[in-house]
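Two complexes, one shared chain (subunit A), two partners (subunit B, subunit C).
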Partner chain A sequence: MKKKSKEIEKHKKHDESQSTKSMKRMEKEGPKEIADHIKKIAMDIVNDIEAGKNPRFETKLRGRGNVLFDEDLGIIKLGDKSSTRTFLNIAHARKFMQTMLIMAQTHEYLTHGKTASIREIYYELKHTVGKTGENTFEDQRESDAAIVDLEHSIDTIREKLNVHANPKGTLYGDITLIDRAHHNDTFNCLKLGRGGWSIMSRMEPNEIEIKSVNADYVLVIETSAMYERLVEEDFARKNKAILIGTGGQAARGTRRLIHRLNVEYKLPVYVFTDGDPYGWYIYSVIKQGSMALAAHSRLLACPDAKYIGMTIQDIKDYKLQNVTEKMKPMDLKRAKELMSYDWFQNKPWQEELKMAMEQKVRIEQQALANRSLEFVATEYLPTKIKNKIFLP
Partner chain B sequence: MASDKKAIKEKNTKEPKESATILTAEALAKEFKEHSVAEFFKKNMQMLGLYGKVRMLTTIVHEYVTNSLDACEEAGILPEIEVKIEELGPEYYLVTVRDNGPGLTKETVGKALAQLLAGTKFHRLIQMRGQQGMGASGCTMLSQMTTGKAIKIISGTGKGKAFACELAIDPKKNEPKVYNLKDIDRDFRGLMVQARFKGVLYKESLMGPLEYLRRTAIANPHAKIIFRSPKGERIVFNRTTTYMPKLPKPMKPHPAGATVDDIITLSQVTKAQKVSSFLKSEFDRIGDTTIERLQKLVNFDLNKDPKKLTWQEAEAIINAFKQIKFIAPSTEGLIPIGEERIKKSLESIVQPEHVCTLTRPAKVYAGGYPFQVEVGIAYGGKAGIVSEEGSDEESKKNNVLDVMEEQNQGVKVEIMRFANRAPLLFDAGSCAMTKAVHSIDWKRYGIKDLENIPLTIFINFLSVHVPYTGAGKQAVADEDEIMEELRLALMMCARKTAHYISAKRAQIERKMKRDIFYRYIPEVADALSKITKKEKEKLIKKLEQLVLTKLKIEDKEEEDKNAKKVEEEGEEDYEEEE
Partner chain C sequence: MKKKSKEIEKHKKHDESQSTKSMKRMEKEGPKEIADHIKKIAMDIVNDIEAGKNPRFETKLRGRGNVLFDEDLGIIKLGDKSSTRTFLNIAHARKFMQTMLIMAQTHEYLTHGKTASIREIYYELKHTVGKTGENTFEDQRESDAAIVDLEHSIDTIREKLNVHANPKGTLYGDITLIDRAHHNDTFNCLKLGRGGWSIMSRMEPNEIEIKSVNADYVLVIETSAMYERLVEEDFARKNKAILIGTGGQAARGTRRLIHRLNVEYKLPVYVFTDGDPYGWYIYSVIKQGSMALAAHSRLLACPDAKYIGMTIQDIKDYKLQNVTEKMKPMDLKRAKELMSYDWFQNKPWQEELKMAMEQKVRIEQQALANRSLEFVATEYLPTKIKNKIFLP
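This part shows the complex of A and B:
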């Protein structure tokens, strides 16, 4: 991937303007634009058919071979390699058919203002073809793959296709949202009780509008327990913070919301996870994006997010030596992998990972309770934020 | 059966029990004779192929049918043989075999059917089926031993009156006993033998009489064979040719393959006065030049009386033979079935989709024995045998390219071995023919797995002297020359089969592909029509046209590729031949 970074260097200027342009377009694209885009692809295919040509559509090549880290944008993105799916190829025919079905169905959603979960669209489209007992989709994995195909083909995210995955993640803080897709409900997320607001899968501006935000930063928290601790300590009010609980790996909707708060409202984003390879990876996905969704980093990633903790240094600084956990072989292997990723190639992270591997320890967020329950809210976080003690 | 056996016998050789006197003292020989051949037979049934309840019944059928075929052929009659097996009780059967041959006379019937080792093929180098087993007299003996009953005969030569009688063997004297001989006042030509056997078992297995007859019919396309099973079914194997195979000529032994024992044995019966003329008259490819060379190599006079030849002298002759280069033996004695006739026969009886056959030129093994290989490969249809393991669910998983295997579920290769047209049903594992089949890389011929394919492989091994591996005479020894020839024949034939299989594979794949595309077309057309509002039916039609055009082009490419591939492989095969 190093090599690829250099390649990018070469085409830097061109690439930058291209990226910014397409990013802006992607941000702006609404249901009508997406529906038109789908229609254009369909028309191209129909034209192929009528001209006696092998029907085809272009989609981006996925997988590691076409994933690269854009150092300038600070995000993981998909390379330029594209692949052509043709109908008259026995290996493609079934996928081609499946993608056509997804296209027609999402086109229908977009033109009629409907939305569906990926499970619903699977059931809506599943039926037998011919007399062989073969189904359009044998399981949801197949329809999911066809959705990914379409996402990559028209360069957008499924949420913009009015299709979504299971929601996960909670929002708490002084932020007012308007649900444009549902009675224009308007609500402030500091007034919804301790449960906060369940972040939806589709967090597109045309559906969920951010009316106003009164906060200094966004704090993203990995574990639900820590999220609840901070709500209970009234951390959001006392520190003018927006709290977002991810409950493990952040869902697409949650990542989209963090991205929007970061981009639209220029709020700093601090990520607070367990001090272990899993936690660090959660951070890296929020910051640079993931390989699986490399094509959508521009809509999901927050390149200037900062890592607040837990760090191995914290163990020493906060005298947590007796509440660490041992790293298992899997953890060590994972840490070694992280060390090799392009986006972890900076001194502070290399040192952090090295320390973790040397000491073979990991530290959970809840370990801070060893000092006192409120310690995290009164001491740990405010001090770190005040003194800007972050990992990049 | 074998009416003229006696005549040939007198001309060619002498009674084998007398020839046993050569190596032993006269007195000892007499004592040996007292110890009757029949007694010996009783104690050594397994040596004669008489063990295993199923195998015994098959061997019985083999003996009678073989005799019938030989008799008919020698008399120039197209054979029509009816075999009937009736179950009389548990492991108790009545076997009736009737042919349309020349029949036996009252004088010959006893010797032919009730005297052990009275056969005529024993000391002749001639390609004949009945080199194995115990002979029809052995069956008489077996019947007698297991049931205490004599066998029943009806015989008619077509001229004069037919007659019926009952036959048994006097085991002490090894002499026939004839009972109830009477003339019959009706037209009857041929021979009917009826015998009872206990301790045998009828089974419709790969080693049973039905399979034996089926294979006999395949290798003898000029014969019509009718079988009535104990279940009362009547199964007819019709002849597919009226061409009578040429009668094989007796062959003189070739010196390169001769043994000391051969020399001693033949020297005792020769009419020649000198060893030199004895060798010239009794052996193939020996003339005056050879005798001259030979005289220089041995230290005794070749003009001596052959009857006085000692073992050491015979040994010296054999050693000298090894230093002399002889012309390869004549192959006149070999009578192949012929490619076309094997093909027709397999088509009629196996009923495959495709057959290709090959008759190789005669070759020589062990320096002196001519042999010849014929191969037939039948593919598809009813070829192959049902595999007992059943179908493997895992390999059934849908994979476009494995479509052929899917069709072949539960059928595996069937290897039909024949020695001089007689089916070999037993000891398959140790036979050169089986080994040759398994030594070939079938994948090269588009056959992925012999355990999973409708394939029948026919191999006929012809020789005046079949090198059997054991006394059961059911497996051919894997001599180098034989293996090479078998492999070559199989590969050449397999290549033709490969052509067919690849063409068929392409055809099936084409259809599979078309089906897949056609299945998806309405879905694709429907989706596109929903988005673009174009007419669905028109899109379907246009897409179907596209598919057909595309597949046509692919076929052409595939064909060209295959033709090239097989051509290349062919060249390799021929290289091996050199």
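This part shows the complex of A and C:
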């Protein structure tokens, strides 16, 4: 993706006031608004048919050609290019039919308060059409694509269509949640032993209400082992922190929760990953969003997140030379790629990535155990937070 | 692994009374007993050294040659063959040193109430020995192997050495736990919204106490999406069930919890997986244990677990022909392998596997959504449980 300053300029004007407004609108949209939106699209199609017109369905063009990095908002987003699908077009008819099925089904979920995984909706809708011998979907990729089309058409995320992927991620700390869609269960995530709360795949405000948070910041942790370490050290209590373990790349529900804690509660977000291309990428997805989900950054990204570690500088500062790992050619290639992204175009990150590539090293979170098990909780993190030693 | 009836006979005599006794002893062993055991081994080595003898360390022989299926207990276990390592042997010296480091460190954990992940202990102990230029460990495989040696030497699981792998798995239902090692947190897992409790990597009774369970059975579920489905349908409440989502192959902590609910609370355990080789294997590991962890079955396996589905028969019974998947050559190979295992040598499983191989189909849990989203919760599972339609 190249920098597209002119296009960004163009969009900026268009967006400046609108973006913030549309973000707020998107945030607040609940099942009723989304269902109404689906119905409106469907009615337009019905009207087309009744008027003898060729029914059409509009969605946004995805792919790199329509992806921009918005420097002001600090997020990756989609441009304005759209794509129109018409029913009376042999290349579009099948996809058109599939989109209609997904629209009808998600409308059904929203009006009946049901939710489904993307695998379930695929199986639910899969059948042979009449006596044609033709299946509605041949495999899940087809229904997934139709879901993506619909998300982009009505400018929302699949979670607000009551559809979701697998959950992953764990929450620990002094935060009280209410599950409004499930017996109004109310629970405090500091009181669940060391296991913590299993973050759901859908973390929409109309269902999961954040009743209260008593914390100074959110610490997002890449590895489950480091998450467990910090829980065992009672880090959350001692530092008034909310701990979120992502277990690798953050799932959408986890990203949504981080976003909400940042937006709704203005909590600073610090991201703690391995010091390697995979860890840096995890950070960048949490912060700016991803190219694949460019349209959803407004609900998932967290542009003022900071990177707390591991850094290549840490190796020297904390005498970890003995416990680094060598970068493989694949790592070096990936690091070079990251270096070219718009959102890594700042001095601290360019220096960090350059240092890593020159020294050909990577450093894991667990390497801090070489100092002592407690070191990360008693020294490393508190010192960095106190002195604001972050990468942007 | 071939059936070894004679060897089983031999072991049976030896084991009959001893096995149950040793299982109870193993269950109950807490940090103090394990630490004492480590110390005893260490003292023997010190005595050897002081007496001018060649220090020795005994562990059990692993690998298929020493793995048995105990039909009476219904678990995979290790035979009696042991292996001795001596320090004054150029092929053993390095491993001997590594085992001593692991022994000292886990003893330290146990006496100070610390725990560590297997990655942390690796990093913690990694250093260059004096001026030799020799590292204690070159990579984590070496420290992992030393941990396994120690587990087998003192006949326990790593969790009781306060060492653990990554956590995975989620718990939902009317079960109250107390984390005795963490502020005595007491919480009921029916009241945590739809997320549920994130199962820890270590679920030892001295730390995680099961205060009470109000349930008729435990339902273990392979996929996160199906787990979420059943939670959304309020299946646990309506059927007095404990739901455990494994998210694929069950992690050790999750297996330990299932084992404990079965042993401590005599709850029947029903396992619900995809009807394919991966699902069947997940079931067999939960039930009989695995060859790789043969020595640990006594603490991890659940020999009276039953398989509730998906079965190949379900395809016909529930008209799911339209939503099966084809078995790939790899699947067929794996199914054939499973068919030859001792613990699948019973009529119902032989028939099930034969049917799958003949029809070359597999069937996923989510395929039930083709009937309706609720179908699994309102029809499929209750009918099977009521009429005891299980595979053994």
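Basically, the second predicted complex is superposed on the first by the 379 of 392 C-alpha atoms of A that agree within 3 Å, B and C clash if a C-alpha of one lies under 4 Å from a C-alpha of the other, contacts with A are read in each partner's own complex, and residues count from 1 in each chain.
The definition used in the following text is that a contact is a pair of C-beta atoms (placed from the backbone, for glycine too) under 8 Å apart; a residue touches a chain by one contact, two chains touch by 3 or more.
These numbers come from a predicted model, not from an experiment.
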| item | value |
| --- | --- |
| Partner chain in contact with A:L177 - subunit B first, subunit C second, else both or neither | second |
| Touched partner set for A:E50, first subunit B, second subunit C, both or neither | first |
| Which superposed partner A:G65 touches (first subunit B, second subunit C, both, neither) | neither |
| Partner chain(s) touched by A:G130 [first = subunit B, second = subunit C, both, neither] | first |
| A:H107 touches, of subunit B and subunit C: first, second, both or neither? | first |
| Subunit B versus subunit C as contact partner of A:N322, first or second or both or neither | second |
| More subunit A residues in contact [subunit B versus subunit C] | C |
| Partner chain(s) touched by A:S198 [first = subunit B, second = subunit C, both, neither] | second |
| Residues of subunit A touching subunit B in the complex | 38-39, 42-43, 45-46, 49-50, 52, 54-55, 87-88, 90, 93-94, 96-97, 100-101, 103-104, 107-108, 129-130, 132, 134, 136 |
| Interface residues, subunit B side, partner subunit A - complex | 400, 513, 515-520, 522-524, 526-528, 530-532, 534, 539, 542-543, 545-547, 549-550 |
| Sites on subunit C touched by subunit A in the complex | 114-117, 119-124, 126-128, 135, 164, 166-168, 170-171, 177-179, 181-183, 185-187, 191-201, 208, 223-225, 228-229, 231-232, 234, 247, 322-323, 364, 366-370, 372-373 |
